[in-house]
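Structures follow.
Each of the next two complexes has subunit A plus one other chain: subunit B in the first, subunit C in the second.
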Partner chain A sequence: MSVLAQIAQEASDLQNIEAAGGAGMAYGLAAIGPGIGIGYLVGQAVQAMARQPESAGQVQTTMFLGIAFTEALALIGFVVFILLKFV
Partner chain B sequence: MNLLGAVKFPPIENVIEWPAWLFEDSTYFAFNKIAFIHFLGLMIPVAIFVLGARGSGLVPRGFRTVSEGIVNFVDTQIAIPGIGQDRKPYLPLLVSFFLFIFIGNITEVIPFFQMPANARMAGPLVLAIIAWGMFIAVGVRQNGLAYFKEVLFPPGVPKALYVLVTPIELLSTFFVRPFSHAVRLFANMLAGHILLITFGVLCISVWSASGLILIQLGTFPGLVAFTAFEVGVSLIQAFVFTILAAVYIGGALHPAH
Partner chain C sequence: MTSAATNNALTMSMEGPSPAMQVGKDLARRGVIITPAMVVLGALGWGAGGAWSVAYGLSIVIANFLLASWSLAWAARISLALMAGMAMFGFLLRLGLITVAVLVVRNASWVELVPLGLTLIVTHLGLLFWEMRFVSASLAFPGLKPKPGKDASHVSSPTISETKEHQ
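Right after this comes the complex of A and B.
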């Protein structure tokens, strides 16, 4: 009985570790692309604003839109993390 | 000596699920903290605009300054870039979105609430479905059923490519759009909430473990800094949600470009 319980305990521990590792990996991988994308996007927007300060307002609005679209991938990764870790 | 072993993160249910104050849990009428924040999100804008509508004369004073400032901000920063000249009928919807979402977000950092109402999927999902129904209705009303033809078969694409373009457009416009619209707000607020809890738990654990004042010098400023960061995030997320709704409505009004 105790051996079986121990095996079951170990199996469930292993499952927890796998879930945690998978969750961390999911978020880490999902953050790579949007990280590069947002960096590039904001860099270009700053360049545009520096070159043409009078169009800064328009560039800023478009920049926020672009960030929202790019960021969605990282956020879906975060949701996957929550689903793997807690559900 | 087990430094991090002392840090115990509460189970996720403890930080996002709240017991009902009125009626019973897990019924449709359960009134808990989230429902209360949504109620505030409804009543505070109503109060601001009712009080703001009372003044008269050319120079705005008091609440009228606040309400005119909010409408002016949404008009110039969100409605004009998103929709364009024929934006007037949709301005009330955008102002309501902005204020409701902002109040639902900012409770994240207000003491005694410390829970963003939008960190529960139900709220953002309903708002995203409203925006989704709105842009489809606007598109159909403005262009008739040709709206679907314009979206699914965009002009200027070679005929052979419609095999590829039409399913992508169908999925991205009518199915993925409300989903990503809602998840963007929900995940941002949930992530911010968990971040603040993590730093709060860290502060408490380090404080209660004796002789670790030096580490407290690192964690407590972190908590303060992230609280300030979350104020910005709640404003930007309200802005982003509203401008995306405006862009979707604008795209349905003028599907050619």
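Right after this comes the complex of A and C.
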């Protein structure tokens, strides 16, 4: 009987580890896309500022909003992770 | 290629008022404006815990916007290359800070995770759309730009300068 209880406990632990790993992986994957997006966005913005310094203000404003919008994707991934893991 | 196209982005920096900081302050101001309504909504939906959670979520969003704008403005004064690096690593850093801020309080008695998570997403996107409408209106209709002195956001323009001599 104690062997069965031990097996059940180990299976439960394994499930918990898998669930934590899955949630963590989802969170990490949700951060990769915005990371690529922000890198591309900022690279293009810096190039635009270098080419047209007179429009640097408008470019930076648009860049900041773009970064924040892209970041929202990571935030959504984070919130989904939190809700799946803890609720 | 024009002569402007030969500018080296690695050695350039921005001078003058930072548009990112102005947008960040604007977002924070709008966030403070919507706080009472959001807290009431949280209280109606989830009680006192919901109200506290919504307030906490809003403070995270506002702090995130202010930190992002301040870091970009600070880095742009040094060089555009540093600004690019700050945008990338700042994103990771702020995401980590948000994670820590939520995980630290997740077991607190006054926290409801659902309204907290919803607040993070809804206010982040809502404030951005609100600000974007304002910015696009001021770019498309220059006559509608706010007057300096009353609300000088997006009016001032920074200048770009070389931080080093070209090789």
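In this section, the second predicted complex is superposed on the first by the 81 of 87 C-alpha atoms of A that agree within 3 Å, B and C clash if a C-alpha of one lies under 4 Å from a C-alpha of the other, contacts with A are read in each partner's own complex, and residues count from 1 in each chain.
In the analysis below, contacts are C-beta pairs under 8 Å (C-beta built on N, C-alpha and C of every residue); 3 or more make two chains touch, one makes a residue touch a chain.
Note that this is a predicted model, so its numbers are computed, not measured.
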item: Subunit B versus subunit C as contact partner of A:Leu29, first or second or both or neither; value: neither
item: Partner chain in contact with A:Val42 - subunit B first, subunit C second, else both or neither; value: second
item: Partner chain in contact with A:Pro53 - subunit B first, subunit C second, else both or neither; value: second
item: Touched partner set for A:Val79, first subunit B, second subunit C, both or neither; value: both
item: Which of subunit B and subunit C A:Ala20 touches, first, second, both or neither; value: neither
item: Which superposed partner A:Ala11 touches (first subunit B, second subunit C, both, neither); value: neither
item: More subunit A residues in contact [subunit B versus subunit C]; value: C
item: Which of subunit B and subunit C A:Phe64 touches, first, second, both or neither; value: both
item: Shared subunit A surface residues [contacts with subunit B and with subunit C]; value: 57-58, 61-62, 64-65, 67-68, 71-72, 75-76, 78-79, 82, 86
item: Contact set on subunit A toward subunit B in their complex; value: 57-58, 61-62, 64-65, 67-68, 71-72, 75-76, 78-79, 82, 85-86
item: In the complex, subunit A residues that touch subunit C; value: 31, 34-35, 38-39, 42-43, 46-47, 49-54, 56-58, 60-65, 67-69, 71-72, 74-76, 78-79, 82-83, 86-87
item: Touch list for subunit C against partner subunit A, complex; value: 2, 4-5, 7-9, 12, 14, 18-20, 22-24, 27, 65, 68-69, 72, 76, 80-81, 83-84, 87-88, 91-92, 94-95, 98-99, 102, 106, 113-114, 117-118, 120-121, 124-125, 128, 131-132, 135, 139, 154, 156-160
item: Subunit A-touching residues of subunit B, taken from the complex the two chains share; value: 11-12, 77, 81, 180, 183-184, 186-188, 190-191, 236, 239-240, 243-244, 247
